[in-house]
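Letters A, B, C and D name the chains as they come in the text, with residue numbers starting at 1 for each one.
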Amino acid sequence: MTLATFFVQCLNSMQYGLLLFLVASGLTLVFGIMGIVNLAHGSFYMIGAYLAYSLTALTGNLFVALALGLVLSLIFGYLLEWVFFSFLYERDHLQQVLMTYGLILVIEELRSILIGDDVHGVAVPAFLAGSIAIGNDMLYPVYRLFVSAACVVLALALYWLIRKTRVGMKIRAGASNREMAQSLGIDIGLLYRVVFSLGFGLAVMSGMLFAPVSTVYPGMGAQMLIVCFLVVVIGGIGSITGAFVAALLIGFVDTFGKVLWQEGAGIAIYLLMAVILLVRPAGLLGERAMR
Amino acid sequence: MTFFTRRRAWSASSWTLFLLALAAAPAMLDGGFELELLSKVMIMSIFAASLQLLVGCTGLVSLGHAAFFGVGAYATALVVPQAGAANLVATLAFAGGVSMLFAVVIGLLVLRTRGIYFIMVTLAFAQMLYYVVHDGKGFGGSDGTYLYFKPVVGMFGKTWVDLADGRAFYWAVLAVLVFTLGVLRVVMRSRFGHALAGIRHNEQRMTASGYPVFLYKLASFAIGGALAGIAGSLYAFQYGFVNPELFSWHQSGNVLLMVILGGPGFGGAIAGALVFVLLSDWLSELTKHWQLIFGLLIIVSVAMLPLGLTGGVAACHATIERLCARRRGVPAKTVPKEERAL
Amino acid sequence: MIFDSAPKFRLAFASLVLACVSGAAQAQAPSAAPLKVGVMLPFTGTYAPLGVAIENGFKLYVQQQGGRLGGRTIDYVRLDDESDPSKASENASRLVKRDHVDVLLGTVHSGVAMAMAKVAKDTNTLLIVPNAGADNVTGPLCAPNIFRTSFSNWQPAYAMGKVVASKGAKRVVTLTWKYAAGEESVRGFKEAFEAAGGKVIDELTVPFPNVEFQAQLTQIAAAKPDAVYVFFAGAGAVKFVKDYAAAGLKDKIPLYGAGFLTDGTLEAQGDAAQGLLTTLHYADGLTSARDQGFRLDYAKTYKLQPDVYAVQGYDAAQLLGAGLVAVKGDTTQRDAMVRAMEQAKVDSPRGPFVMSKAHNPVQDIYLRQVKGHENRVVLVAAKGLADPARGCRMN
Amino acid sequence: MTLARSESTSLRACNLTRRFGGLTAVNDVSLDVDVGTIHSVIGTNGAGKSTLINLLCGELTPTSGDVMLNDASIGGWSQQRRARAGVGRTYQRNNVFAPLSVMENCRLAAQARMPRAWHLHEAARRCVASNELAAAALEHTGLTHCAMRIAGTLSHGQKRQLEIAMCLAGEPAILLLDEPLAGMGPEETARMLELLQSLRAEHAILLVEHDMDAVFAVSDLVTVMVDGAVIASGTSDEIRANRAVQSAYLGTADVE
């Protein structure tokens, strides 16, 4: 592998990792703060992709679609939490698994009824459609770089939100101790609703952002879900930073796995997880595996 | 006290009735398909019961249990002779052993985690095995591979029963189901089993009392894995076809569904398996969007029956009893706490 | 010589019989119970559109025959296989053992088809595979009661191997998902291409159904081969074609593929697919009257443009018809029926084809080029190409 | 594994320190508990008493320092190993198997140290030895009459007793009792104190408690902790007299 190729591969790893982070961040947020295991997260990602498809078809512009989608998703997430999740916190994880599993089936079927089972492409907005030369034998699509940039921005925004704002303070309080937060006069119900719709929004956003690259197809959520789980497991429950590191790590392992060890490319990331479990059961930045 | 003895007597008799009904089923069912469906129900019951040992008895919510089902199936597919029938008992033992081995190795890793974490990690390991058989050499690849002959029951090369006949196979499966339930019952009434219950209710206390909790969990995981492997082996024999999809996380999800919907106890697991298989069978005939209905059913049942089917039944039973009791002016019996706690 | 003429003679005879029977059939039909066809196809999930097309094609032919094949009306028992191999065995045996279908039709997904073949073997039910290309089905698993009216993965790939070699490419990189269909396809391509003096310098794979191709694209760009051969379908096909173009490789390194790369995916692929060359046993712009007639009827009946899948379904019905006609709809004469089907010369919209010894079409493979939303035929890449049917121990 | 209860049985904390991130919960604490004595540890909430117990029984690992059992270092032992070696504990908050019967609670505790734990063929209910131990423990704590009740349905006081019973069922040589009197009424308290007295002879008891009168009534030794550190240690009278203690602790005792 020449140096140039190596760098391009690193670039590939980065931008794949960044996307993973964006999808997984919503998941780890909901995990860490609400202690809810949400199998439907992948489906949320799919919803995003299909939103991007139908909204761009409607409005003709991806960015209008993005804006619209963000608003929609926040509202929808808020309602979703209210209808399906609000009574799950006291229940044990089994019930949550069951509920979210049911959600997957419902969402998948609704998708097939409303939009159908065809594969769709989403057009890249004109001014991002180009590609720039990297090295001398390969072009790199601008839009992918744009997505990566967007991921970084969103990551920073998330960090700022959680570390620097009042909402973030409350969120962290709620995460560390529910009773304590309540005694501080935080409306935990509302907080959870907000956090959930935030997580939902992140999933949908990532789905929409990546739709032009990933194409839109049935069952696209399931794959994503499992990789997201890996991100969370490796990163450590509820640790956004951990998720970030883990996502990039997986990005690299996956990309170079495909290049250097084709036979095992499929299992490379799982082996990574196994190793992490061996040395750090709580994940890279997780304090404890208990939750 | 009388309550418990009465309950035990009641459950014992109902178990016997249930098993007898299963044994008699071939006489009533003519079509080969119904019989196949019923043996599938029993195979899934074994599978679900093996998961119940983890979820219901030890408090380990595994979302990767299909891994061991698949291992059992593939172990069988790879070990049976290409020409000629395999010995059922030997093959089952082998499949169970291999699955147990996998369960121990995987358990050593996944049992280092808890709760949500455990759920995700088990899922990931199942997925890993999916890729191993899907991409690995000598597993028949993505299209799967065949078993050409149904097994026989016999010893020293002598054939006693040839299971090529649908009914014979059905009864063989029933026998294995009974065996499984027997094993699980023995395990659960042993000190080991009680310790598992203790771990489920209060791991901290068990550690404080001096139990090597990790070992106990690992043992439970291994037994569960072995039984799941046996179920997988039976599945492979019944359909003569194995495919990587056996490892897919939908399988894991479905069996967990059976367990949770069914409710506490191995009876719950079986009830869950029965309802799941028949319901999905029936719904899928009804409409091509059956999964929508199914999903909604799941959601509703979570909202309505936190104790699962048997729990729901028990609850109704209790309410009725209470009402009758009130009419009679006798203090009502409530469902004992054991049943509440899953 | 005799061996040559025998089929022709039998064929003539068969068509004669057809002529008489079709009349007689009408008379005797009411007495004859309807023929049960178990249609086991994907009606949900990614493959749903394929399943629908196949079913439509099949029904179209039956309809054209006045709703009867060999004098028997057809009863369809539909079943959605969900492209899920873990349910396939049960579903297939449901059709055979509960619904007692006379014929199994299906399916798209190779894994599911394997399960169906197993059931068909065990119960000696007639099975017609209208799509799944797994080489095995007409290879090691071949059986007198199993027919295929579509293709084997080997066929289009082999044809493409010759084409790419003829275009003077010497060093080629192949890329596919790491699963049976892809590997079979690549094997077929390699066989022809290297026989013609080319060299496959690298066989890249991506874990199935992973659709993140950047790593491989980078490798391809670095390797600078003369050409790239890929096997992808559905979402993977759409995404790969777009990524390949976006990476600026489309104009640098010519991309070739088995036809599914650009079948039913053009709307989603957009400009990225324009000009791509693929090989398949069907193409747009075939000038034969047969094809045009078929397309017209199909469009009229279903308000849809037919595709290769519709053709495969249509031909499945034709093949079955040939068999039924020969035995006057009496399916108990299985051997005679099978013989007739083996001898049948199916007048397919794709162009006439006959059955190989292993019951796979011996057919022309077209080289097609993407123009707009069509795969226009360029030339016949391989005339009367027969699958080698390796491992088939039939007759 | 099991440890014969000899006169010399003793548990010693040597300069135990435990930090959680910033704060030091237990700071260089040394004390010993010997058979035949009740050694009480008192201190304000958050003084690190429970943490100390967790360090002694092995639920937490110390940041530094060691634990000695009969002059043998057990600092590196896991909790269950220490438990099987005779270190028993109770919890500040009731920590019983709520859905199980009282008897079953104790049998589980007793069973922990039975040999042949892996003999699956024999039913737990028929395990004579553990049944006897459990029965004895119930007898000792006066819970025999409600052996068959579901633990969750017991009164608070009874649960506290069950805590002790479960601890005893494991035949520990050393008892680490975390506020056994918490939330008990006067007569329950009295009964509990009797129980402690009766246990003194055979066990080494470390008692963490808030109830001053109770502590001074039963303790042979009293150690006072403030902010994780020991500020005084001695007999009840010495502690009563100790200025530092009065200012630092007793003054604020009534507040909680």
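Assume contacts are C-beta pairs under 8 Å (C-beta built on N, C-alpha and C of every residue); 3 or more make two chains touch, one makes a residue touch a chain.
This structure is a prediction, so every number in the text was calculated from the model and none was measured.
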With centres defined from CA atoms, tell me which chain sits nearest the overall protein centre. B
As a quick test, compute the distance in whole Å between the mean CA positions of chain B and chain C. 40
Just curious, how far off is chain B from chain A if you go by their C-alpha centres, in Å? 33
Starting from the mean Cα coordinates of chain A and chain D, work out the distance between those two points in Å. 47
Residue list for chain A, restricted to those that touch at least two other chains: 112, 265-266
If a residue has to touch 2 or more other chains to count, which residues of chain C qualify? 44, 178, 207-208
Pairwise chain contacts, counting only pairs that touch as defined: A-B, A-C, B-C, B-D
Under the definition above, what is the set of chain B residues touching chain D in their complex? 1, 186-187, 189-195, 197-198, 201-202, 204-213, 219, 336-338, 340-341
Per the touch rule above, chain A residues touching chain B in the complex are 31, 35, 37, 39, 84, 87, 91, 93-95, 97-99, 101-106, 108-110, 112-113, 222, 226, 229-230, 232-233, 237, 263-267, 270-271, 273-274, 277-278, 281-283, 289-291
Quick one: which bits of chain B touch chain A in the complex? Just the residue numbers, please. 55, 61, 63, 109-110, 112-117, 119-121, 123-125, 127-128, 131-132, 134-135, 249, 253, 256-257, 260-261, 289, 291-292, 294-299, 301-303, 306, 342
Residues of chain D that touch chain B when the two form their complex: 57, 59, 79-84, 88-89, 91, 95-100, 104, 107-109, 111-114, 117-125, 127, 130, 148, 150, 152-153, 166, 170
Inside the complex, what are the residues of chain C that reach chain B? 43-44, 80, 84-86, 88-90, 93-94, 97-98, 110-111, 114-115, 118, 122, 134, 136, 141, 178-181, 183, 207-208
